[in-house]
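The next part holds the structures, each set out as C-alpha cells.
Note that chain A is present in both complexes that follow, paired respectively with chain B and with chain C.
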Partner chain A sequence: MKYTSQMVAKPYFIFALILLAGEILFGLLMGIQYIWGDFLFPLIPFNVLRMVHTNLLIVLLLFGFMGATYYLVPEETESELWSPKLAIITFWIFVVAGVLTILGYLFVPYATLTELTFNNLLPTMGREFLEQPLPTKVGIVLVVLSYLLNVSMTVLKGRKTVITTVLLTGLLGLAVFFLFAFYVPDNLIMDKFFWWFTVHLWVEATWELILGAILAFVLIKVTGVDREHIDKWLYLIIAMTMVSGILGTGHHFFYMGAPEYWLWIGSISSAVEPMPFLLMILFAFTMSRDRKIKHDNEMALTWAKGTAVMGFLGAGVWGFFHTLAPVNMYTHGTQLTAAHGHLSFYGAYIMIIFTVISYAMPILRGRPHGNSAKAQKVELASFWMMNSGMLGLTLALSAAGLVQIFDQRVGTNLIGFMESQESINGIYMVRAGFGLLVFAGLLTYFYSFFVKEEAQQA
Partner chain B sequence: MTERITKSMAKNIYYGGGTFALMIFIALTFDTVHQIPKRSNQQNMTESVVAGKKLWEKNDCVGCHTIVGEGAYYAPELMNVFQRRGGSDVTAFKAYMQGWMAAQPLAIPNRRKMPQFHLTPAEVDNLSDFLIWTSKVNANDWPPTIEG
Partner chain C sequence: MSKTIKENYPVGDFAIWIIIYVELVTFGLLFLGYAFSRRSNIEMFNHSQLMLETTSGFINTLLLVTSSYFVVKAVTTIQNMTDNRREEFNKKASKWLLLAMLFGAGFLVNKIFEFSYIFGEGINLSTNKFFMFYLLLTGFHFMHVLLGSVILFNIFQKTRVYGYTLEDHKGIISGAAYWHMVDFLWIILFPLVYIIR
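And now, the complex of A and B:
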C-alpha cells in the first residue's frame, strides 16, 4: 500500500461482503417461498423479502464502488485522499441509514412505513428498486455527494489519469440519474418512463464506466501492461457503452405506453449492447496474454477475466435474448427478465467487486504479494462454485420463463399465471438448489480470508 | 483489429458518440413526454385513478405483481386484469375486486399468498379505477394474450 489513506477502503469492502451474504440469504428465502407459498407467510410476505434482496444488492454495490474508489484514487492521483475522515464519517452514516432501512422493511408494515417517513409530503416509495423511504433517499444523496466531493478534490489536486476521469464521469452520472428517483408523476406511464432514467442509466451506462475504470486499474496492476495501451481499451469499451447503452434505454420502452419509434431505436441500439462486454473479454484476455509481470496474486486476474466473461454472458448474451422488440413482446415481464437480471448483476457488478477486493484486500492486510497459495486455492474453489451456481440458477430461470411464455402467451390452449407457475415448481426447486450452491460458494470465499498463511513463503 | 485504432481515436469515439447518443435521447425524451398523455388517455385520469396509484405504491403491490410488464414475477400481470377478471365490465370488475381483496389471504395450503391490506371499500374502488385506466393505455398491443 502506497498511501495510508487507502486504508479507508477496508471497512467499505468488509461491509459490502456482509451485505452480499444478506442479499443471497434473502434470495434463498424467496426461492423457498416460490416453491412453498406458506413459507414465512404472513411473517415476511414476498414483497418484503424482495425489497430486502434487491435493496441490499444496490447498497452493497455502492459500498463496493466506494471502497474501490477510495483504494484506487490515491494511487492513480499519486496523492493522499482529500479527507479520509470524511470517508469514514460517510461510511458510518451510510451503514446506519442502510441498516435502519432494512430493519424498517422487516419490522414495519410497508404502508405504515410510508406514513412514518413523510411519504405523503413527497411520494417516492412503492416503486421497484426505489422502495426506500424519503429520509433514506435523501441520505443516499448526501452520502453520494460527500463521496463525490472527496474523490473530486483528490483528483483535482493530484495526477489526472484516464481511469480517474472515467471513474468520476461514472460517479457524476450515478449522482445525477438518482435524482429521477424523486420525480414521481401521477401518470403511471410517465412515472415508468422516468423511473428507467435511474434504473437503466445506472446499470447500463454510468455503472459500466465505473466497472470499466476499476477493471482497467486492476489489470494495470496485475499485468504491468503499459498504461497507454490500457487507456485505449478503456476508451473503446466505454465508447461502445455510451453509444449503445443510452439509446438502449429504448428496449424498456417497447411495451409500456411509450411511442412506437422506440421499438426500432431500442432494438437497434441494444443489439449493440453486448459489444462493450465482448470488448471487455478481449481486453482482459489480451492484457493477460501480453502481461509484463507475473503477479503472485493470481486470483485477482482470475476474477478480472471472470468478470468480463460472466458480464458478457449475463448482460450481453442474456440481454440480447429478449431485447429485440418482436421477441420482447412475448418475454416482457417473465422469468426471462429475472434470469437476465441475476446473471448480469452478478457477472458485471458483483464480480468486479470481487475482483477489486481480491486485489486490494490482501494489500490492505499487509500481504503485498497476495494471499498464500493455499488461501488462493480456496478462493479459486469459491470462484467456480459461485459461477456455476449463478449459471445454473440463470438457466433454471430461463427455462421457467420459456415454459411461462408457452403456457400463457403462445398458441390456443392458454392457461393462467398461477396454474402456469405451479407447472414450473420443479424448475424452481432446481433454481433454489443452485442458489444454495452460490451461498456455499460465498461462505467458501469468506473462509479463504481466514486461511492461515504458510509459515514461509518464498 | 484494435491495432489500427489509436488512443485518441478511441477517446473521440467515446466523447463524440456519447454526446451524439445523449442528444438523440434527450430529443426523443421530449417527444415521448409530449405523446404519453395521449397514449395513456390522461384526460380520463380522475382523482380516483390517482388515489388508486398512490394506494398501489403505498402497499408495494409491484413487489409481487407486474403492471404493464414491470415489477416482480411472483403474482399475475395486472394491466389486463380488468379484461381477464371483469370481462371489461366496470360494475362487474369493481364487485369482483371488492370480494377478492376482502378474501385475502386465501386459505389454500401452499398457494402463494396475498396479504390482507385492510383497504376500505372506497379505497378498493380507487384501486379498480386505477387498474381500469391502466388497461386502456396504448402499449403497442401488449400484453399478447388475456392471460398476460
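And now, the complex of A and C:
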C-alpha cells in the first residue's frame, strides 16, 4: 500500500462481502419458496424476500464501487485521499441507513413503511429495485454526493489519468441518473421511461464505465503492461458501451405503449451491446499474454479474466438471447429474464468486486505479494465453485424460462401460470442446488481470508 | 516482401477497424430492416419517397465524395514526404484537410436544410415506417459526419504542428479510414432511401 488513506477501502470491502452473503442467503430462501410456496409463510412473503435480495445487491455494489474507488484513486492520482475522515463518516451513515432500511422491509409491512417514511409528501416508493423509503433515497444522494466530492477533490489535486477520468464520469452518471428515482409520473408508460433511465442507464451504461476503470486498474497492477496500451483499450470499450448502452435503453420500451420505432432502435443498438464485453475479454487476455511481470497474487488476474468472460456470457450472450423485439415478445418477464439478470450482475459486477478485493485486500492486510499459495488455492476453489454454481443456476433458469414460454405463449394448447410453475418444479430444485453451491463457494472464499500464512521463504 | 505487407495490415490503428466493423454491421442491420419493410409496403414507401429532394441528396453525395478525395490527397501528401521537409508536407496536408472539412460542413448545412423542411411538414419518427427509417438512417449518418468532422479537425490540428512523420502517421490513416466509412455509408444510403423505387 502506497498511501495510508487507501485503508478506508477496507471497511467498505468487508461490508460489501457481508451484504453479499445476505443477498445470497435471501436468494436461497426464495429458491426454496419457488419449490414449496408455503415456506416461511406468513413470516416473510416472497415479495419482501425479493425486495431484500435485490436491494442488498444494489447497496453491496455501491459499497464495493466506493471501496474500489477509495483504494485506486490515491494510487492513480499519486496523492492521499482528500478527506479519509469524510469517507469513514459516510461509511457509517450508509451502513446505518442500509441496515435500517432492510430491517424496515423485513419487520414493517410495506404499506405501513410508506406511511412512516413520508411517502405521501413525495411518492417514490413501490417501484422495482427503487423501493427504498424517501429518507433512504435522500440518504443515498447525500452519501453519493460526499463520495463524489471526496473523489473529485482528490483527482483535482493529483495526477490525472484515463482511469480516473473514466471512473469519475461513471460515478457522475451514477449520481445523476439516480435522481430519476425521485420522479414518478402518473402515466404508467412515462413512469416506465423514467424508471429505466435510472435502472438501465446505471447497469448498462455508467456502471460499465466504473467496471472498465476498475478492471483496467487491476490489469495494470498485475500485468505491468504499459498504461498507454491499456488506456486505448479502455477508451474503445467505453466508447462502444456508451453508444450501444444509451440507445439500448430502447429494448425496455417494447410493446408497452411506447412508439413502434423503439422496436428498431432497441433491437439494433442492443445487438451491439455484447461488443464492449467481447472487447473486455480480448483486453483481459491480451494484457495477460503480454504481461511484463508475474505478480505473486495470481488470483487477482484470474478474477479479472473471469470477470471479462462471465460478464460477456451473462450480459452479452444471455442479454442478446432475448433482446430482439420479435423474440422478446415471447420471452418477456419469464425466467429467461431472471437467468440473464443473475448471470450479468454476477459476471460483470459481483466479479469485478471480487477482482478488486482479491487484489487490494491482501495489500491492505499487509501482504504486498498477495495471500499465501495455500490461501490462493482455497480462493481458486471458491472461484470455480461460485462460477459453476452461477452458470448452473443460469442454465436451470433458462430451461425454466423455455418451459414457461412453451407452456404459456407458443401454440394453442396453453396452460395457466400455476400449472406451468408446477411443471417447472424439478428444474427449480436443480436451481436451488446450484444456489447452494454458490453459497458454499462464498463461504470458501471467506475461509480463504483466514488461511494461516506460511512462513515466508527468505 | 509478403512479411512487410502482413506487418502493415491493416493500415492505421487496429482499434479503428473494430469501430468501423461495428458501425458497418449496425448500419447493415438498418439497411436490411429498411429493405424488408419496404417489401411489404412498396406503395407507401414509393409515395413517401416522393417527398425527398433527390437533387439536394445528389449534391450531398458530391460534397462527401469530393471531401473524401481531399482526405486521400492529405494522406498521400504525408506518405510521399521526403525526410528533411516535414514542415512543408504537413502544411500541404493541412490545406487538403481544411478543404475536406469545408466540404463536410457543406454536407451538414445542406442536411440541416433538408431536415428542417421535413420536420416543417410535420413528419416525425411515428409518421410511417418509411420516414422512421429515413430519419433513423439519415439522423445516425448525420451524427457520424459530425463525429468524422471532429476527427478530421484533430488530424488537422496535428498537421498544423507538423506532427506527422514518414515513420509515424498512423493517426491520419485511421482518421481517413473513418471518414471514408462515413462516405461509403452515404453511397449506400443515398440510392437505397432516395432513389431506388
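Here, the second predicted complex is superposed on the first by the 456 of 458 C-alpha atoms of A that agree within 3 Å, B and C clash if a C-alpha of one lies under 4 Å from a C-alpha of the other, contacts with A are read in each partner's own complex, and residues count from 1 in each chain.
One rule holds in what follows: a residue touches a chain if its C-beta (ideal position, glycine included) is under 8 Å from a C-beta of that chain, and two chains touch if they have at least 3 such contacts.
Everything numeric here is computed off the predicted structure, so don't read it as measured data.
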item	value
Touching partner for A:Glu260 - first (chain B), second (chain C), both, neither	both
Which of chain B and chain C A:Lys232 touches, first, second, both or neither	both
Touched partner set for A:Leu179, first chain B, second chain C, both or neither	neither
Partner chain in contact with A:Ile293 - chain B first, chain C second, else both or neither	neither
Partner, of chain C and chain B, that touches more residues belonging to chain A	B
Which superposed partner A:Val272 touches (first chain B, second chain C, both, neither)	second
On chain A, the residue positions that both chain B and chain C contact, one per complex	232, 236, 239, 259-261, 265, 269
Residue ranges of chain A in contact with chain C within the complex	232, 236, 239-240, 259-261, 264-265, 268-269, 271-272, 275, 279
Contact footprint of chain A on chain B as seen in their complex	2, 5-7, 10-11, 13-14, 17-18, 20-22, 24-25, 28, 31-33, 35-37, 39-40, 42, 45, 50, 53-54, 56-64, 66-77, 105, 109-113, 115, 117, 130, 134, 137-148
Residues of chain C touching chain A in the complex	13, 15, 18-19, 22, 25-26, 29-30, 33, 125-126, 132-133, 136
Chain B-facing residues of chain A, complex	33-34, 36-38, 41-42, 45-48, 50-51, 110-111, 114, 119, 123, 125-128, 131, 184, 186-193, 228, 231-233, 235-236, 238-239, 242-243, 246-247, 249-250, 253-263, 265, 269, 282, 329-330, 332-335, 337-338, 407-409, 414-418, 420-421
